[in-house]
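Shared chain: chain A. Partners: chain B in the first complex, chain C in the second.
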Partner chain A sequence: MSGGATMFTQQRPVGFGFTLLIVLLYVFLLVPLVTIVGASFTAGLLIEFPPRGFSLQWYREFFARRDLVDGLLLSLRVGAITAIVTTIVATMAALCGQALSGKRSGWFQLGMTLPLLVPELLTAVGLLFFLFKIGLGKTVLGLQMGHILMSFPYAYVSITAALRQVPSSLDEASASLGATHWQTFRMVTLPLIMPGVVMGAIFAFINSFDLYTISLLLKPLGGNTLPLALFDFLTYEFKPTAAAAATISIVLSVIGVALVQRLVGLQRAF
Partner chain B sequence: MTLLGPSGCGKSTTLRCLAGFLEPDGGEIEVDGQSILATPSNRRGFGIVFQNYALFPHMTVAENIGYGLRLRKCSGSEIGTRVRDVMSLVKLTGLEHRMPREISGGQQQRVALARALVLKPKLLLLDEPLANLDARLRDEVRWLIRDLQQQSGITAFYVTHDQSEAMAISDMVAVMKKGRVAQFASPREIYQKPVERYVADFTGEANFLSCRSLEACGEGRMRISVGGAELDVDCVASLEPGEAAELLLRPESLQLATLGEDVTFRGRIVKSAFLGASQHCEIALADGGVLKLTTPPNDPVRIGDEVGIVVDRSHAWLMPEGTE
Partner chain C sequence: MIKAKHLRLLLGAPAIVLIFVFMILPITNMVEMSFRVPGAVDPFGDDYTLMHYTRVFGDSFYWGVLARSLLTAGGVALLCLIVSFPIAWHLSKASGLKAALLYALIASPLMTGVLVRNFGWMIVTALNGPLNETLIALGIISQPFRLLFTQGLVILALVHVFVPFMVLPINNALRNIPDNLVEASVSMGASRYRVFRDIILPLSFPGIQPGVILVYVLAVAAYVTPALLGGQMVTYMPTMIIAELTGTFRWPLGSALAIMLSLSTILVVGVFTTLTWRLMERVRA
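Up next, the complex of A and B:
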């Protein structure tokens, strides 16, 4: 579907300076990634680039360490639940936002994206107090709630954008043919916004996987997410195990982006 | 029947109230004597065809048409037969597996029509269904809609701002003005015997001459004085003698004539245009009025000529003076 638009895009002549700028930008963005991935395969004992020889020993070391693997598993679990719950709630919120009109819709939009606008630390402190008040302080459930809150806007924005592409006359046509609201949602709306929903879920997952500040404050007793475990690890040791862990995170993110590309097409995602 | 009116006069709003997408501020909507205001749109059983077709883009043509049947839990084979039947009715056979974006606008509108008709609705609501089609397709789909409506016997409620479309397609036309029905009658009556200037103006080319009504001369007839002549013409029934009135003369009820014969008006040609099949000219009358009329293409028409005009009195129509 997106092919139709690009087919008619004219190729504009691009100056040398502009090309150079783009190249530098990419270098700037990619150097840390390339460095860390490269360093993770080193045969030496320190994080260094270029790597000294090639070995998988630091991956072995990573999977041998309980604290890091537990962190990875907790991050995966929290991320997966975040993706699922966030997507469902964000879909409902987006439908609600669409039903509102004019000014109220603007305020609703603002409210739904508030976690993006308020500094993460503030949200985290607020949540910490709240969770202790309701007896969920320092529990996995509390951490989970924090992650859902922080990832919600990403899913919401993506699903709202998809919903805006669905003309309201389709709802009306469906109703006139005898469909209930639920049937219309299931057979017309949901299939049409599915790309946005999938994208929202993947972004929610990636975001949750990366959260640091809020995890630090809300983490359960004795439990660490991967970013926290990694930071703890780096405080005492400077071994390429950290690079291996980072590479694993990068791979997961890349898989996410590849899924978006595969299912939706990146042009439509942004 | 058709709701006819300029944009913003409330015809689409009326249709949306009927469909149940809008709740009227007041009043009542009844079907067979029963109020349907409390019935949600999905249980009204009306078929609706939208201006922008509103096909489901993720379903094939056949799936679009079968959508309503699937909701009604019809068996697969019954859906298959009914979809096939209605598709041959709207001449779409062979396009079952195409997606809506792969077919033309005219075909899309026929799919929309089929999707509504396959459910045998009590009432078919059409909201400017031809507005997005080009002129040639518009004619084709218009006749198709008319034929289907006649065959199926389903009452159709048609909204348009195009008067020729309205007249060609409907048994009854309601001309709307600012949210109210100005006149509800057959196309012939709307055109020939409009109740007010607004209706006459909206239904086609028209000349209006203000005149004085002198005396009634029989049921619905009035003697008037206009442009130096006295005529007996048909008039709106409620018109009283002595009231200020306007005489409606459609261009086709006027004929050019040489002076001296039994002419109704005298005037001077001020504008003319050759249109191929006919000529269009405007004639200024002695009292300042202007008449537009069409003449056969080979009539000698020169600007500045003094001419006479013969009025076909059976097609002249007297209305109360417009309030606009």
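Up next, the complex of A and C:
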């Protein structure tokens, strides 16, 4: 009888078996990431875990490789532009979504999150043909548009959630004091939703940085993003340089998670 | 105030244009492409035909690849559910700093690229990698076994990729179950199993259903994982579609395959939703 209570109520210790299961599941979640970071610091010549000794040689090797560094730079540039553009467009869209009500609001919400709901593969295939048709095939601008599209929903969802926390009475108060719409937005709304806006930018950047399928189909002539360059590298050379490249990408996402945690708390972000 | 509202509606225009021009139009384009004749030099010709559909739907090879993709995704969704439920349960009971830490542990893999995480499994499952060495040390196996380039590793890596997508909705559903409901049934003598079967599982279904659908749809169309970890021997629909588009440049055929995959996914999700409809209705009541 007490066994049933311990299993299902809060604050009481759970069984040893359950704890072990949970620990194993978290190990499963984290083991690939831990192994990569570990393997990147090896002093040996092979990708292995646990690493042999400690060295930064594979990071030196990474920064000496033109193809990988060019990939990193292209990814950073595309990611930064994606973050800026999506955040502006998504803030505007979130303000629009807030003004809608009932069924229309639901449809708008659905439309804005469409790139997240339709598999990336289909969007990528469609965009390959479409960009070819309008003359943007195999250009950085085409790739950029694909990344903006795919990252847009993340920014939209974060900013919409932040906007919901702002009471509409503040808008009305500001308007009754004679502020213009722009002034109300600049001085009242924007400061209040800023954490959500920054979070949206972080999500958009990280999503863009990680995109693979869409980049593969839209990649510009002679240009590779970091994930594309890493895939090619892994197909031909299975060396710890790849672990160093992957670690750089892991570090970026851990910084992102930490920033989101500080800004709004992950619990509210998801 | 009427004017302000119109102004606000106008703010949505750039986003609507973005989604319409770079998503709706391209996907319509793909549908059109699947009816084009093959091109002599270009990836496609000017005239229209049904030949790609008769070819794709008439060839048992394509049906086989489709079946493999649909079944693999089903297995991934089921395994994901089994792995995610305990995590979601544990997470839903945590609060404060512990909850924040657990959210970070679940979100970190989510925010790391799929390629990076798949690469991690290549290291873990290498012949002299940590998995083989641990299993040998524990005496479970005597010889290291090769997991790379097998369907098993593709499934394992896909489960790993999609677990966060399943944990978060189930966690939200579990958090909505009132504690006193569980306590009441326990105090009335319900066994642990009964509480799980009659209360927890049905009430978490509003999280399970969208989680399963989301993971299934994403897994069916996943490209990177089978391309990196599946090797040359096992073909899935996404790898085949991309090979047609970037390797052999048969764009109309690739489009027809993509549409075959989409239609069958919609069919599977539709059947699943219908079958689970009554369960959802019961929970709502």
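To be clear about the criterion, the second predicted complex is superposed on the first by the 245 of 270 C-alpha atoms of A that agree within 3 Å, B and C clash if a C-alpha of one lies under 4 Å from a C-alpha of the other, contacts with A are read in each partner's own complex, and residues count from 1 in each chain.
Here, contacts are C-beta pairs under 8 Å (C-beta built on N, C-alpha and C of every residue); 3 or more make two chains touch, one makes a residue touch a chain.
What you are looking at is a predicted structure, and each value in this text was computed from that prediction instead of being measured.
Aligning the two structures on chain A places chain B and chain C next to each other without any clash. Once the two complexes are laid over each other on the shared chain, residue contacts for A:Met187 go to chain B alone; chain C is not touched. In the overlay built on the shared chain, the residue A:Glu120 is in contact with chain C alone; chain B does not reach it. Between chain B and chain C, C touches the greater number of residues of chain A. In the superposed model, A:Leu170 makes contact with chain B only, not with chain C. In the superposition on chain A, A:Ala179 makes contact with chain B only, not with chain C.
By the touch criterion defined above, A:Ser101 reaches neither chain B nor chain C. Measuring only between alpha carbons, the smallest separation of chain B from chain C in this overlay is 5 Å. Overlap of the chain B and chain C interfaces on chain A comprises residues 175.
Residues of chain A touching chain C in their complex: 1, 3-5, 7-10, 18, 21-22, 25-26, 28-33, 35-36, 39, 47-50, 89-90, 92-93, 95-100, 108, 111-112, 114-115, 117-123, 125-131, 133, 145-146, 148-149, 152, 156, 175, 181, 206, 209-213, 216-217, 227, 230-231, 234, 238, 242-243, 246, 249-250, 253-254, 256-258, 260-261, 265-267, 269-270. Partner chain B is touched in their complex by these residues of chain A: 167, 169-170, 172-180, 183, 187-188, 191-192. Every residue of chain C that touches chain A in the complex is listed here, in rising order: 4-5, 7-12, 14-16, 18-19, 22-23, 25-30, 33, 83, 86-87, 90, 93, 99-100, 103-109, 111-124, 126, 128-130, 160, 163, 168, 179, 182-183, 186, 189-192, 195, 200, 217-218, 220-221, 223-224, 227-228, 238, 241-242, 245-246, 251, 254-255, 258, 262.
Those residues of chain B that touch chain A in the complex are listed here as 19-21, 40-48, 50, 52, 54-58, 67-68, 71-72, 112, 115-116, 119, 125.
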